[in-house]
């Protein structure tokens, strides 16, 4: 029985991180109609930045300072987003998808090596925070407190985003731009500004996903590519462009992965992709997407 | 029934010893050492550089193993070059190639190195997935090769059953699982259940198979109750840890290594895994020694790929190791791992083979002459004697494993010097002439020839 | 016998009754103009008949045969073709290819992936001939995306015409071109349609053109047919004037 | 973007035949002139060219961007490996037949699912399905060898076995090179006929304007499906030819970044030209091989090439060369 609680926490843990990555991906698609293949590596940038801030640059500082440093990865990813969108991606919104996919694919490759250049080839760990928080008892088992913090972050991020998009003026502008860019523009919305903001928020989320797991999992090269395909599954299930969809998709993927590894390990990955393909086949816009 | 040997008897028959022991004195007759004085070579030797293509993981999670391999190779090359080079004339030049580019790219790159860069020799390779791919290519290219690692049995069992140009220096992979299982049988004979967490590729499955078959022989009551197969180079092991916890085994066997193992043990600590079961590993301390922190629990059976740990043989008993560790530390400011030792030894094996061949025929020896010298060579390396079997070109040295222990001298755990387990390698690997078997020859050899212990 | 009739054909878009229980008929060989203000349901009606939209209820009969839910390509085989209000061409193919494609499609040769299209001179000759008829012979080897708007309108009709339809819908064949160009375009279309004895339905706004080229006029308003008759009758019809041209229109 | 210059007369597509024959002749002579490694690289390039030609029938001619063509390449490659492992087949011709059969099977299934959608949904669907195959190849190691992959020995060409002792490099640079070259030429001719056939015209029409294509009577989905099938089979054939060259097949060629490389090659050469994919495949192969050989930052190098390419030369190498040629021609004639 207790073990089920541990499994549940694990699923939520995974879902939280996936939601942060996939939510960002979905937000960007929703507003700019661009599938950002480099998104996975913004997640990795977040992880590397936080890992090196906590584990290397400020290693040995007080825990309070180290905890404050965790979000630095999200800031780094957001900064990259804020630079890349206006300088590079903006030229591609009106071009066919193949160019959009290719330019972000190129960006993915470049970012991978930028990280290799900046952080070297080895994994970097910020495990000191993970260790400091210790574990709490769940019946016969113990569970890392830090993982609960990650889950809480995921939940808070979802709530914050929801409030932001449905309860603020900027949210209204964002939704308007997402629904009809030309009309929003005609109504006096500075569409370019909305784009750069939306892209930055999307990257911030991916970076936060990376930053928040850096203490419990080391940052390694290649993590971005793996994260990207999984978040792809999430957005495909939930619906490209839908934040609710990203949330539900992340939960589905989190739960299926946790069950899969225990019960049907050989086809765990295949099942995830098949679900994604199945959803696409039946509802190409995903469970929560608007029809194309 | 009654003539079944007892476990204790059998283990001592195997030659398993637990203690810090000497390896014997250096340089008996016919044994090549790595530090013997240079003799003047016969004939004329060209002064062109001797190019070695060195492919290993320079990037990604595998670099924890790969970089030390390269550093061992470089250290040996620098020493040899300082003495004038191979046969006093040919300076070693090392061309790096990144194994992380993927198996297919590696195949292309090996061809490029030989056909386009005209390397004289190839060294390296960390992953067991890559040697079976590259071995046949090296044979096709007629490229003299010493694989340092990538030590899957599959290479010489199946992929290249009759090698000519390729050799491999570090211990054959089945020794990992077998050594680990022998260590478990000797230390924790009462376990009834065990769980597995292995990386989902050749190495993990090899460890799983050999741990399983040896345990079946030595501890017939022990049952495998859980298997988890995370992808190689994963970082998140929480579902695998939880699956293992749920199975409530007495023991966990894991062949995770490098960055994977580091991430695993940190997460496992917070899930209390080490408190709930014994843990036996095949490669935990085999990665770069400094990569494991002092938070790692003590008393875990921490394997070193059944090959080498820099604290053994202890310095005063085996000077070769003492000087190697000192030189390596001075050059790279870190401690060597088994890959560094393997590459270092391999470079000196090459040097020795060249010198012997030169003594026989004079001039710069061709590949065939070098191969003739490498086959059957016995060389004393930092980790002890390595013998290269002529039938399968595989290097063998006595397998070791031990238990993690923190000592004040090092900022990371080392093998507990008082409890190091060594096993003569010939006793846990299929002998020459044993028919090729499935999944490995050693597996069928153990299955068919080892006695079944009493329950 | 009428070539085509619709029975209570209906299409809703949400609450809007785009086409509301319309009974529409057209006789063999007629050239009929469909007029009405924007949103009257003209294009929707054409869309329903040509298969672009599916009706919510009602029937479409072609020579008495129910074609209501027939797939588009079957309708085309049955002889219904259409042009588009906003030019719908294969912009990166040549003008000649645009027309040739229709001929290939009509002859069911587009399945041939094993022969070069150049190996079918009859098709190309016919395509050239059609272009010549439409006055586009000089533009044959230009990309369809690269010719003038008036020419594009003509080509759009030519592509539909090349299908050799019995019933051709022309959705505003002169929209988007200057007033000066309208008559020449309609002259070309009209002479071809009449010489081949094709039944045609033209949606048009320009009343001069309508009165000049059509045999009969059907007026739609808010999804229903308001009136139908000869140009002269429609010209005199007060209801039509108010509905279509607005009360202010003299 | 750029409209092609108006041609004054209709030019026969057959005019390129002499050029193609000349290039084929050069390719045939090359192994005697260049060093063996270069021949092997060209063989790799030609194999990939077949794959990208197939891919481009969808992207360039039908307007569908598949981000899952690794699947069909992998199906071809694994079909060969399975034939070796389970049926002990050695004949290269049988390998190709088997690869065609397997890729027909898989493309029929995937194509049926995928052609219902276009644009980004098509791309993602193809990607998701290719990942299913990847994860199966990855996880079912007792069948597929997992990450170790499956080895494929030197095959018999036209029934002729290569002796144990014969030099593999010589086999690759001569016997196999010519085999690849012949299959490549056959594939180029077939694809060339397909795109210049009435069917090819129909595909281009569908690419340009799906609605109008429907209204000239084309059953758009059926045409897309057939294009998908042909495309997948070409890529499958390439996969089959690639295995003996590489010596083994691993799940890497099923993983999605390999699909990305196929797209890369098409765009590098120029996907709006028939020859673009061929040029792109050969050039990319050189680019990647040398980038990997010379720097650990090869990914960044390729990434920068890609970004610059799509920004500055969206028509690819062949498209740009044609523009320059046309420009030079106009300057010259003035």
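Order as written gives the chain letters A, B, C and D; numbering starts at 1 within each chain.
To be clear about the criterion, contacts are C-beta pairs under 8 Å (C-beta built on N, C-alpha and C of every residue); 3 or more make two chains touch, one makes a residue touch a chain.
Owing to the predicted nature of the structure, the values given are computational and were not obtained by experimental measurement.
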Practice item. Farthest from chain A by Cα centre, which chain is it? Let me know. Key: C
Review point. From the C-alpha centre of chain A to that of chain C, how far is it in Å?
Key: 51
Review point. How many Å are there between the centre of chain A and the centre of chain B, using C-alpha atoms for each centre?
Key: 39
Check your understanding: Can you give the whole-Å distance between the Cα centres of chain B and chain C?
Key -> 79
Check your understanding: Of all the residues in chain A, which ones touch at least 2 other chains?
Key -> 116, 265
Review point. Of all the residues in chain D, which ones touch at least 2 other chains?
Key: 138-139, 296, 298
Review point. Considering chain C alone, which of its residues make contact with at least two other chains?
Key: none
Check your understanding: Using the touch rule from the top of the page, what pairs of chains touch, sorted by label?
Key -> A-B, A-D, B-D, C-D
Check your understanding: How about chain A: which of its residues touch chain B in the complex?
Key -> 3, 6-7, 10, 13-14, 116, 121-123, 125, 127, 130-131, 134-135, 141-144, 146-147, 213, 216-218, 220-223, 257-258, 261-262, 265
**Study point:** Residues on chain B engaged by chain D in the complex (per definition of touch)
**Key:** 58-59, 96-98, 101-105, 107-109, 111-116, 128-129, 132-133, 136-137, 139-142, 154, 159, 200-202, 205, 231-232
Review point. Which residues of chain D touch chain A in the complex?
Key: 59, 65, 67, 113, 116-117, 119-121, 123-125, 127-129, 131-132, 135-136, 138-140, 256-257, 260, 263-264, 267, 271, 296-300, 302-307, 309-311, 314
Exercise for review: Over in the complex, which chain A residues touch chain D? Could you list them?
Suggested key: 35, 37, 88, 91-92, 95-99, 101-103, 105-114, 116-117, 225, 229, 232-233, 236, 240, 265-270, 272-274, 276-277, 280-281, 284-285, 292
Review point. Which residues of chain D touch chain C in their complex?
Key: 3-4, 6-10, 12-14, 193-194, 196-202, 204-205, 207-209, 211-219, 223, 226, 230
